[in-house]
Structures are given as C-alpha cells and as structure tokens.
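Order of writing sets the labels: A, B, C, D, E and F. Residues in every chain begin at 1.
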Amino acid sequence: MSDRFEKGMNILKITNKETIEEMFDELEDIAPDLGRFVVEFPYSEIYTRDGLDLKTRELITVAVLTALGTASTQLEHHINAALNVGNSPKEVVEAIIQMSAYAGFPAAINGITIAKSLFKEKGLLPVK
Amino acid sequence: MSDRFEKGMNILKITNKETIEEMFDELEDIAPDLGRFVVEFPYSEIYTRDGLDLKTRELITVAVLTALGTASTQLEHHINAALNVGNSPKEVVEAIIQMSAYAGFPAAINGITIAKSLFKEKGLLPVK
Amino acid sequence: MSDRFEKGMNILKITNKETIEEMFDELEDIAPDLGRFVVEFPYSEIYTRDGLDLKTRELITVAVLTALGTASTQLEHHINAALNVGNSPKEVVEAIIQMSAYAGFPAAINGITIAKSLFKEKGLLPVK
Amino acid sequence: MSDRFEKGMNILKITNKETIEEMFDELEDIAPDLGRFVVEFPYSEIYTRDGLDLKTRELITVAVLTALGTASTQLEHHINAALNVGNSPKEVVEAIIQMSAYAGFPAAINGITIAKSLFKEKGLLPVK
Amino acid sequence: MSDRFEKGMNILKITNKETIEEMFDELEDIAPDLGRFVVEFPYSEIYTRDGLDLKTRELITVAVLTALGTASTQLEHHINAALNVGNSPKEVVEAIIQMSAYAGFPAAINGITIAKSLFKEKGLLPVK
Amino acid sequence: MSDRFEKGMNILKITNKETIEEMFDELEDIAPDLGRFVVEFPYSEIYTRDGLDLKTRELITVAVLTALGTASTQLEHHINAALNVGNSPKEVVEAIIQMSAYAGFPAAINGITIAKSLFKEKGLLPVK
C-alpha cells in the first residue's frame, strides 16, 4: 500500500466510511485500478490540500453533482460525506437549492429528492 | 399567499394539474421554498409572459429536457403539460425526434421512451 | 445530387440562405460529407416532416442550443433562421429567456447576448 | 426497404444483433421513423465509412456515452456492440477508465457499473 | 422598484459591483426583464437566505460554472464576486482545481485560465 | 521529480511536445499543482496502461472533447496529439464526424472547425 493510497484512505474513512467498501466491491473484478485512482488522486491529492477544509470541499461537490445531474449514486454518497464532515442538513439543502439558478429547477429538484431519501433514512427530516 | 404565487398556481393548475401536489409533497419537509420558487419564478413570471403561448412554451420545455437528458421525471411531467395545453401527441413526438440532430440519437430515443410510457397510460398509442 | 439532398437544400434556402454557403465552404476540404449529412438528415428528413411547422421547429432549436450552451455560431445561425421563417424578435427572446428555468441564468444571458449581436446587425433593436 | 436502410441493417446485425428488435419494438407505435433514422443515418452512413473500422468506432461510442452520462441503456447496448466487433472486455474497461480524466470519476464509475452488469450476464468477469 | 428588486440589488452591490451595470446595459434593449429576474430571483431569494453565507455561496458558484464549462463571462464575474465577499485567491483556485475530479481536467484548466486573467488584472499573481 | 511525474512526462513528450510547456507556463503562478496532476494522473497512470495503445487513446479523447463541446483549446491539443501518435488526419475527421450521432451536428461541426484550423497550419489540407 503506497503512502498516497494510505493518505487518501484516511480521508475516505472520515468522509465516506459507510460506502467506501461498496465502491471497492463494485470495482474489484472489473476495474480495481479505478478504485485506486479515486483514493490516490481526488482523496489523497485534492481533499487533503490546504486552502479549503473538508466541510467546504464536500459541500462544493454536492453542488456540482447536483448541477451535472448525471451521478445520482455519487451525489447521495457525497451528501452523506458532507454531513459526516460537519455540514448541517440545512447547509446541504441550501447548496442544492442554489443550483436552480445555474443549472435549472429540474436539477435542483432532483438533488433535493436524493437528499430527502438519505435524510429520511437517517432520521434527519424535517429540515429546519 | 402572494400575488405572484397565486398567478403561478393558476398556470400550474392548467399545465400540471395531475402532478403539482406531488411536487409540493416531495419538497414539503426538506425544501418547501424551492417549490415556492418554481411557482413564483418560472410559472408566475415566465409562462405568463406575452410573446409565446403556453402550447409553444411547453413544447419547447419538452424539447430542452429531452436534449439535456438529466431530468426524466420532469420530462414526463412536461410532456403531460404539453398535452394539457393543446399539443397533440404527434407534436410532442416531433419535438423529441428533432432533438436527434442537436443532442444525438440516444437523447431522442430516451425522450420517446418517456413519452411512450405516459401515452400508454393515457391510451394515446399508437401515435398517428 | 440525390432527391434527399435537394429536398434538404430547399429547406435550407428558406431557413439559412445567408449562411449555408459558409458551412459548405468550411467543410469542403476536410469533411464535405458532414455538410451533406446536415442537408440530407436534419433538413431533408426532420425539418420537412408534418406535425410541426418550420416556425416552431426553428424556435425549438434556438431554445435547445441556448440551453446546451456549446454552439454559439450555430445558435446565431438558428436565431437568424427562426426570424427567416416567421418568428418575431420577441418570440426568439421569449424562447431564450425561458431557458433560465431549465438551464440556468448564465445560459439564458449568453443566448440573449448572441441574439442581440445579430439583432443589432439586422437593425431589430430595441425588441418590444 | 431502401438501399440505405438495408446497408444500415447489415451493420446492426453485426454490432447489435441482440438488441435491434428491442429498439424497433420500443419505437413502433410512437415514432417508427426515429428507428428508421438510426438505421439510415448513423449505421448506414457513418459506421460504414472508410477510415475507422467498426472495432474502433464502437469503442469510441462507449467512451462518449460514458462521458455524457445520460444514456445508460444505449451505453450497455454499445458495450455489447463493442464486444461483438472484436473489442476485448479489457479494451472496453480501458476506454471507460480513461473518461475519468475528461468527464470526472463519477462518469467513469457509472460506466464501469454498466459494463459490469453486462459482463456478469455474459460470464466475462473477472476482467484480466 | 419592488422590495424584491431592492433586496437583490443590495446583494449585487456587494458581490458584483464592478459588473452589474454591464449586465443591465447588455440586456436593456432586448430582454430587460431577464436582468430583473436575475436580481429578483437568485440575488434576492437565494443569496440572501440563511444557512450559507455569501462567501460560501459564491465559491460554490465558481465551482459549478467551472464544471459546466459553458459560461466563461459569468465564471469571471463570479470569481470576482467570490473575492469581493472574502474568498482568498487561493480558495478560488482550490475550488476550481477540485473540479478536475468531477468534470475532468480540461474543465479545471479552463477555469484556472479565466481566474488567472482576472487575478492578473487585479495584481493578485502569483497565488501562494 | 517523482517517478510518476517522469513517467507522465515521457508520454507528454510523445503526444503533446508542442504544447506541454504552454500548459506549465499557464499554470505556473496560479495552480502549478494542477499541471503536476495532469502529468501524474492521466498521462502517468492512464495513457501508460496496457490494453489500449496511445493511438486509440488519443482518438478517443478527440471524440469525447468534440462531444462535450466545452474545451476547444484542449481539443486542438489532443487532435495534434492524435496525429503525433500515428492517427491520420482522416482518422481524426472520422472520429469527429461520428459524434454527430451522439452529441448532435453542432458539436461535430465545431470539432471539424477546430481540426481544420490545426490541419491548415500543418499543411494537412485537403483531407483525403
């Protein structure tokens, strides 16, 4: 296990502790290196950088995946990660609502639907 | 209830009478203001404007959501709305087919699949 | 010259008479078949179809290219085409403004900027 | 049946023999011409062109649909087609992984998930 | 002037004081209502909401416009706004770099190029 | 200089020898690590992988950047890279034309326009 891998895993254990094994299992018998890249590049080299804390970084990712609208599973995982690193449900909701102005209302509504499903499961509704 | 809200609701009762409560229910305990924004901005301020009638506006929305390919639920709702304001099933189909030239064949085929599911439910098949 | 090519050219002479030669010149020494495909597929097979008239089809295309935001030259050509087949400047503007709700404000503003440049050149400002 | 249709069907029988009837059935009572366009334009006029063989063309399509992230059914069909025309499972996986650099990790992971589902069904796992 | 307009203008005077007149001038003789909508909806109703401060909201917008890659003028304006509300050049750069993982390297590099042009003009280079 | 950096630079000297310094210069005083990431991740870890050769990988990248339509500078660089690793101008053109079926005609035409500008500069027109 390389230092870079270990450094990325240390972040993932904070941000995505519930879903990290799921990703490795999914990729194991088809593209295990893609899982390694996820650990070694974004988590090891980006999420560890100075300048923005994990709380802000995960909120940005929630906003961007909402706007792109093409990665609902990953959006759910990053909403969970955003909560894990200190964002309140309300902060997550605000970041998603804001996307209505930059990617349209359907993108924002779909982001909220994904957040709601996770919040419900975690007993976080209603959001105040 | 503000005038803007009421004005938007008057449009939604014409365009989306079957699905409007569904959207409010979905957003109620997580982001009720997003529902209010949908009513007060696009429906109250855009769909009510002079220059294009509701029939043309809803057809445009069907085309755009087909091309973007990221909002299947909303595309179904807007196909329904397009029918509600006077578009024929054939006009809806034509707007979707046209997207093959601007967003590719997969986008157009996926739009047709969504239209077909709704048309089937409403007894509108086959489209002549 | 095939029948399909001739049929498409008959549409292009109506919709894009100012820019059609430009496209052929651009493609001539690198991908002339792509120009032929544009004539033979969208213009010959889609824009000629029953169910939607050219005026509505070109307005839809203006909306979609505004929403996608990746084809400014083609958006300008289709705004011109939309005018050529009977849309008023106001109808074009309305279709673009509507995109703010489905693709965000930057997309709509960029569409208006492209329309404005063309309208200015054609002496169509201000739009009432 | 036109020559163009027949020419396109000859390619589809090679690339998509398992799914071609499914597409025609889907479109039959709503937009049969869209099915005809798929045969007559991309399959008859593009996939038959000199300059790139079917193996490379299908691999490119797999990469592009992975990057766009809006057409999971068609991505699965084109992964199948890519295998049918001589790409190895590993080549398909490599094209998808490469998309992480141009469309982000979620797009690449979603592409792999679709490939995995098909490879599993076809007994092609693990990919070496 | 409505209360909503005034409320939005109060935000814009903080975030975009250098470019706000430019937007109104651009839209004035073609789509003045679109300018009003920008003030009355995102700035009056979203940027004023509790839950996220302006500093975080503008950073999110910088990230999203970088990822979408279709609005370079607005990205430059929002980078400027992000600085105006307290983000350091380094925070802006970090938000843009992070997009390489979700929208690919070209999107991130293009975002940096736009930031660099603005930072140069404002004497903010090199970024430490 | 890490082994990973060196490994990536060895690829870039083959694929992008004309433009690599330009990218480093652009990023130097604002986001030098982003340049390092480009070398260490896609070029060192993806383009060096078994399973697809550089010729195929660069052609795929040309196709994808054409389809996305948001990275014209990088598309030009990758067209150049595609030629540098053995693709003929015709192969590049074919990959771009194919995108008309998956991302629409405007995307394909814009890709051709970028290719044409580079081919002209390099004396590669007309393409046979």
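Throughout what follows, a contact is a pair of C-beta atoms (placed from the backbone, for glycine too) under 8 Å apart; a residue touches a chain by one contact, two chains touch by 3 or more.
Everything numeric in this text was worked out from a predicted model, so none of it was measured.
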Task: Please state whether B-E or E-F has more C-beta contact pairs across its interface.
output: E-F
Query: So which chain is the furthest away from chain D, centre to centre on CA atoms?
result: E
Message: Counting only Cα atoms for the centres, state how far chain B is from chain F in Å.
response: 39
- prompt: Taking each chain's centre as its mean C-alpha position, how far apart are chain A and chain D in Å?
  reply: 30
Field: Numbers and ranges of chain C residues touching at least 2 other chains
entry: 33, 37, 41-42, 49, 65, 68, 70, 93, 97, 100-106
Query: Which of the residues in chain B come into contact with chain D in the complex?
result: 68-70, 93, 96-97, 100, 104-110, 112-113, 115-116, 119, 125-127
Message: Please output the residues of chain C touching chain D within their complex, sorted ascending.
response: 33, 37, 41, 45, 49
Field: Residues of chain E defined as touching chain A within the complex
entry: 41-42, 46, 49-52, 56-57, 59-61, 63-65, 67-68, 88, 90-91, 93-95, 97-103
Statement: Per the touch rule above, chain B residues touching chain F in the complex are 100-106
- line: In the complex, chain B touches chain A at residues 23, 26-31, 33-34, 37-38, 42, 65, 68, 70-71, 73-74
